[in-house]
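We call the chains A, B, C and D, going by the order they appear; numbering starts again at 1 in every chain.
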Amino acid sequence: MKYFLYWGCSLEASGSNYLESIRPVSKILGLEFEEIDDWNCCGASISYIGANDLSIKVLNARNLALAEAQGGYDIVAPCSSCYIQMVKVNHEIQENEDLKAKINAVLKEGGLNYTGSIRVRHLLDVLYHDVGPEKIRSHVKKPLRGIKVAGYVGCQTVRPYGEYDSVERPISHDAILQALGAEAVPFPKKMRCCGSGIFLTEMGYCMNLVKDILEDALNHGAEIISTVCPMCAMNLEAYQHRINKVLGTNFDVPVVYLTQLMAVAFGLDMKVDAALDRNYIPPEVVLKKAIGH
Amino acid sequence: MSKKVGVYICKGCGIGDSLDIEKLAGLPEEEYSIDTVKIHEAFCTKEGVDLIKDDIANGVNAVVIAACSPRVNYDVFDFGVDKIVERVNLREQVAWSHAPKDEDTQMLAEDNLRMGIVKANASEPPVPFKAEEDYSGKLLVVGGGLAGMTAALEAAKAGYEVILVEKEAKLGGFLNKCKQRVTFPYKELTPTGIEDMAAEVSANPNIKVYTSAKVDEISGGPCLFNLKISQNGTQITEKVGSIIQATGWVPYDAKKLPHLGYGRFKDVVTNVEFEEMAKEGKIRRPSDGGEVKTALFIQCAGSRDPEHLPYCSSVCCLVSLKQATYLKEQDPEAVSYILYKDMRTIAQAEDFYRKAQRDGNIFIRGSVEAVGDEGGKLYVAGYDELLGEKIKIEGIDLVVLAVGMVPASKPEAVPKIKAPEGAPGADSEGMIEVAADSGFFANRTLNLLYRQGPELPTLRYGFPDSHFICFPYETRRTGIYTAGCIRRPMESYQAEEDAVGAAMKAIQCIELTMRGMAVHPRAGDMSYPEFFMQRCTQCKRCTEECPFGAINEDEKANPLPQPTRCRRCGVCMGACPERIISFKNYSVPMIGDMIKAIHVPEEDEGKPRVVALICENDAYPALDMAGIKRMSWSPYIRFIPVRCLGSVNLVWIADSLSRGIDGIILLGCRHGDDYQCHFIKGSELANVRLSKVAETLQRLALESDRVRYVEIGIADYHKLPGILDDFMKVIENVGPNPYKGW
Amino acid sequence: MADPKKKGKAEGPVSYDPSFSKEVFEKVDYGEKIKMCMQCGVCAASCPLSMVMDYSPRKIFALIRAGKRSEVLSSKAIMLCTSCYSCKVRCPRKVPVVDVMHGLANYALKQGYVPREETALFGREFWKQILRLGRIDEKDLPRRYFFSKGIIPGIKKSMELADMGIVLMLHKRMKLLPERSVKGIKELRKMLEKASAMGNGGA
Amino acid sequence: MGDGKITQTILVVGGGISGLTAALEAAEAGHEVIIVEKNPYLGGKVTQLYQYFPKLCPPNCGLEINFKRIRSNPRIRFFTMAQLAGVSGSPGDFEVQIKISPRYVNERCTCCGECAKVCETEIPNPFNFGLDKIKAAYLPHEFAFPMRYVIDPSIVGTEEGKRVAEACSYGAIDLGMKEETLTLKAGTIIWAAGWEPYEASKIEYYGFGVYPNVINNIMMERLASPVGPTGGKILRPSDKKEAKRVAFVQCAGSRDENHLAYCSSICCLASLKQANYLMETSPEAAATIFFIDIRAMDRLEDFYTMIKANDRIRFIKSKIAMITEDEATHDLLVEGENTQTGEQVRERFDLVVLATGMAPNKVPEWLLPYVGLDEYGFVINNGSNKGVFGAGCVRRPSDVATSVQDSTAAALKAIQTIVRR
């Protein structure tokens, strides 16, 4: 099955361990990913500060137009922020002819046009619906037995349309964790926002959001947290020590990408394929507990 | 008719195990020399029923079935209207609720059987009432507005002739004043369509329309209503079968709302005035005819206000949304503020609220403190709940007061009548305000020649509506129904529906009356009260107490019963001190004989006896329930169901006590503001009468504790055993009735 | 806990002014959707940061309705949206609260209000970089943001967060080569210029 | 109309308060009526209510009168455990299929209760929404009309089933009963199939079906009923502890474009009434009603005024945004914004009652050629009806009195279809 993988800016840097683990895992699952040639930034959630809504729509429309011209496969976004930007713009274009005309008038400047034929999807959607827990389970060589994982879905991952999972009580992330043999702990705050785009500039407020999420996960017995978004991963992982300093907590819980856990469970190389060495808080300790060596 | 009574004692459902059936079966022969007595395992089975049918074939015409409650197997034991069927409850109220094979249980069963036999002996098959004069199957509709015209058209479509009386020269009522309507499906404004409807009514061969007319007088009763209608000077007489009053509403008088600026500022208008302005063409400032750029609608102007109309007028929210829409259509730049308490657009009407939001109208939840003017424009000061701040909206061209609905029946001032001697609350001239639920309260519309007043009694706020939830069309004047906003504030869509229902009831009343049957709640009952006038003392109790004003009076105060108005509750029978009012199958002597049939043991046996007179609609089913739930209570109580506690005649209490019965308990429905009595006043009247029983007791030198009145709802059956046993304790304390064995 | 009555509690009553809501309906992205708000407050209680906002989203809409322009455009609430979309998915009137908040923030900044300076600076640098490269360079952006207020505070801030940069670098989570721009950057810029020229409102 | 001959019978689908009313009003006007009811008893939803607003009177009071009207009226026939399965023909000349599920108890049943005595299997009590259990041989409820037992299919064909059948000394239990379909003629049809509470689990952030102590307003009626599963004590499902602090969440689904865009009309009054139930249970009990607008129309305003006067009942204008459970205590944390003070509400309650709205029971596809629906699935009576008319809550969400009015009107509409004058 062929898709465009729109990995976005973060996965080339702070989210590199995500991208690194996506490649081998998708190979095993028979997911064929192609890059949208010359794709641009989605604008993320913060660009409204510098630009009007139409500009942000155009950013995304350009990627959609490029994809349409390049074969029109589904666009898969591993980053929830990219996903929500693109899926929203795509929906609005598809639902509103005037808007489509307006946008195409702008795209014309770059010799582009978008008819609205593309389907935008989150990686989690593809893993859960196109591949499915059963198929994933069938590839598991080293089940993550006995590991208590908090499957943090994050806010933007399934919203705003709830196209592939509930916007309030999603199940896909946990289902895949269970397919990997792990124990997905109940986790009420799995949808609570981590601060996403404004974390850096509103640290004072957002550190509390992260603190609540981490505490909730730990209180429910989690040993490790799984994410499907580079923003979530960054905010939950990279600031733990800072939060400890400022809020007097003592967090040191590993935060990994779902695809990293998949790589491990598929018995791939912990370093090369799972890219665990790129994690800030080493997850190996916890993972070894299940898979030995 | 000559009676041949057959008694059928069932052993089924545990009755056989609980009682000595053989012994019981001997009773009819010994005490009433009835030779047809049969016993069966289950009379409700085919074999059982066939046994009874055989006897009927051999001349039995009064069947006493001692088995289950009359509430079940009613269809199985139906042997035709000419046969008397008396059901003696040995199951729910004996076998299932009392100790088996017990002397007291046996005695209870015996007394129940005695009462059943006596009752069967005393009753006659009812003969439906038929008046001498011709019956009319026409409907009268008073009021030619939306509701009235709808009722007329719908009845006509069902094939009935209708007479429609409208006071104005033109049909249409309030909608004539309206530019447009908001109605189902509440998406956009729609034309009122009232002219077309008026045309349809006028063209309908089944409808005779009298405009610029009023009803001067109505006499008679269902199918026998004789009308006098006056139309520009001339008087016409008509005869109808039933009546629908659809006389609508009037807007609340805005002059009473000076605090909202009405009367003080030309540019403060009511929603009615606004509507007229809109219909005439342009919405302008009344003061200078200037443009209306900014309008403010004040919701609940008078409504939901204890000082004015405590109730919600239901339509004002939708009306203001409609009128704000007019303004938008006239001038898309114009702004409407809607200052509300709660936005009340129920059901699908929520869609119109959304439409008004989409149009950009500004909604403010809050309250008004002042309306004033500044530089030729108005301002409204108040509090915005959702802003949490005091606000002042300036530069308003027009303030619209969403005034509420007052029923056309509500009088300006409460009318007064001559107070009876020494009545409390009478004024210096000896006049007293009439109660809202008296027939003398409402504005003159029907002019009924009824002893209890010319108009329909009303509820609080002057609406002649039903107090019943389950039976919203029930009025207190048989064959007269109300429809539309006279009943309760309602939007035009509901008024139409309501009118169709009212037409249904009016038609039904005609159909039942034609067959000599009662209407709700005893629909189909063919018995009716007969008066033995020779013994009447003109005491007026029956004419005063009938909850439905069914009995008129002649100048000598003789009662003039109007059987087609009668609901067959028996309140008159209970009221009559001379016991001259009887139904073929329900009478004072009949119940008296049943009481006398109860065997009262000697004092030394220590077995008290209590008679319980219970409402057959609620208390009796409740007692069955207690039995079905296998609850238990004293076996010393003998239950006698009555049509309504209002039909309880005090003589029964005297009879009981003089026969040595130790106590009497009355079980009836809740009365007061939220009464549940299906005959409106029955249980209340019973209570009042009972308060007067004290002297009877004194005359007999007996304790007043021996008589008790208890309110019980049908669902309170779990409380019944407690209530009964509690009363038995009281009876034990006061000791045996000294009249035993006299 | 913010005191909702703190701001705009000018002495004397609020005088309603419809011109501002009109302005919002016409000039703010998604502004017109506010018309449908029935003030139920579901957005406020769904928002992860409403407890630190001066006005809840619901209250912001009430203030717009009342015409309290400066209170709204200077409210930090309109720049504290984390874009979690909880409000949008629950709104019974389908008001896209997130998009409205973004629209208001953008409009406020255009009107010279700066409700949240840090986010404003970061967001501006973010957009500049998009205009420059068509993509975001995660090592370059923070630096530009830190120094956007001048050398000294810049150094201070980058020192503060240096540890993280280092950590990320050590963990191969920072690109060492500078980000190159997208090939079609010229066309992209042209498009974005045109888009921004077409202004706000609509949608 | 077909061959011009008109079948005079009126078929009423649904034996709830609306169906009963339509049937009785028509029958008392002299017409032949058949009622088809899916439950084993007549009365519908109102039989499950503890009290009516605003009089706080028992629904059985009016029902008993209506049943008495049926008893004394030979023109009415009714089928229980029956459903309309198909319609053909035209107004005045319909042929209808009626599917009757086996009751396994025939008319010989005397309600003696011997079968229940020997029956051991218990099933969740459908009458109490599974809040308690009942024998598999049961009387649906004490006021059941017709008063006749029902055998649950679960014991049919089992040894126990045999024992239960043998316990009946009247040959009333017939385990051989099969589903049957009758074909009847009817001149016109009144659709009074009623409503169901909106499926509250779809409002995921309220946790209905996830948290045991979040219930809907119909379940509350059973809890409050002295003859209900808890004997009238308002006990919360998780631990049967008496609920002292109870939250009523208004517009649970209603007035919400993500669920039911319309207002369900009755939920405000229902909650006011249920808050009053709570007041009667204990002097410490306290209720909080979270609302958007309180919609107490016409004189019902008096009831609102009365309830408002009770200082143990709080009104907070807030659409609740989130309900979460304290896993340890099963208490519920209710979150919203008090829009009148601007403060965030975060309160703990023993029990949360969702004022779930009314969803009309679905009109089957094959009936649609004869009757129109609005966008929400409510039946439209507007002259375009072809011999089929809606009555009661299938037309618009409404309270009992309004449903009765509407059903009385529907009776006349039906009669107009068949009268030959």
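As a working rule, contacts are C-beta pairs under 8 Å (C-beta built on N, C-alpha and C of every residue); 3 or more make two chains touch, one makes a residue touch a chain.
What you see is a predicted model; the values in this text were computed from it and never measured.
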Most centrally placed chain - per-chain CA mean versus overall CA mean: D
Per Cα centroids, the chain farthest from chain D: C
Which of C-D and A-D has more C-beta contact pairs: C-D
Separation of chain A from chain D, taking each centre as the mean of its C-alpha atoms, in whole Å: 46
Centroid distance [mean C-alpha coordinates] between chain D and chain C, Å: 49
Separation of chain A from chain B, taking each centre as the mean of its C-alpha atoms, in whole Å: 67
Intercentroid distance (Cα basis), chain D paired with chain B, Å: 25
Multi-partner residues of chain C (at least 2 other chains): 4-5, 38-39, 58-59, 89, 93
Multi-partner residues of chain A (at least 2 other chains): 167-168
Shared interface positions of chain D, touching two or more other chains: 205, 255, 317, 339, 341-342
Overall pattern in which the protein chains touch one another (line/ring/star/complete/other): other
Inter-chain touch pairs (all): A-C, A-D, B-C, B-D, C-D
Chain A residues within the chain D interface of the complex: 166-169, 188
Complex interface listing, chain D residues touching chain B: 17, 24-25, 28-30, 50, 52, 55-66, 68-69, 71-73, 108, 110-112, 139, 142-143, 147, 169-170, 226-227, 255, 261-265, 293-302, 305, 317, 339-342, 374-376, 378, 380, 382, 396-402, 404-409, 411-413, 415-416, 419, 421
Residues of chain D defined as touching chain A within the complex: 204-205, 210, 324
Complex contacts: residues of chain C adjacent to chain B: 4-5, 8-9, 12-16, 18, 21, 25, 35-39, 58-59, 62-63, 65-66, 93
Contacting residues of chain B [partner chain C, same complex]: 294, 335, 337, 343, 353-354, 357-358, 360, 362-365, 381, 384, 386-394
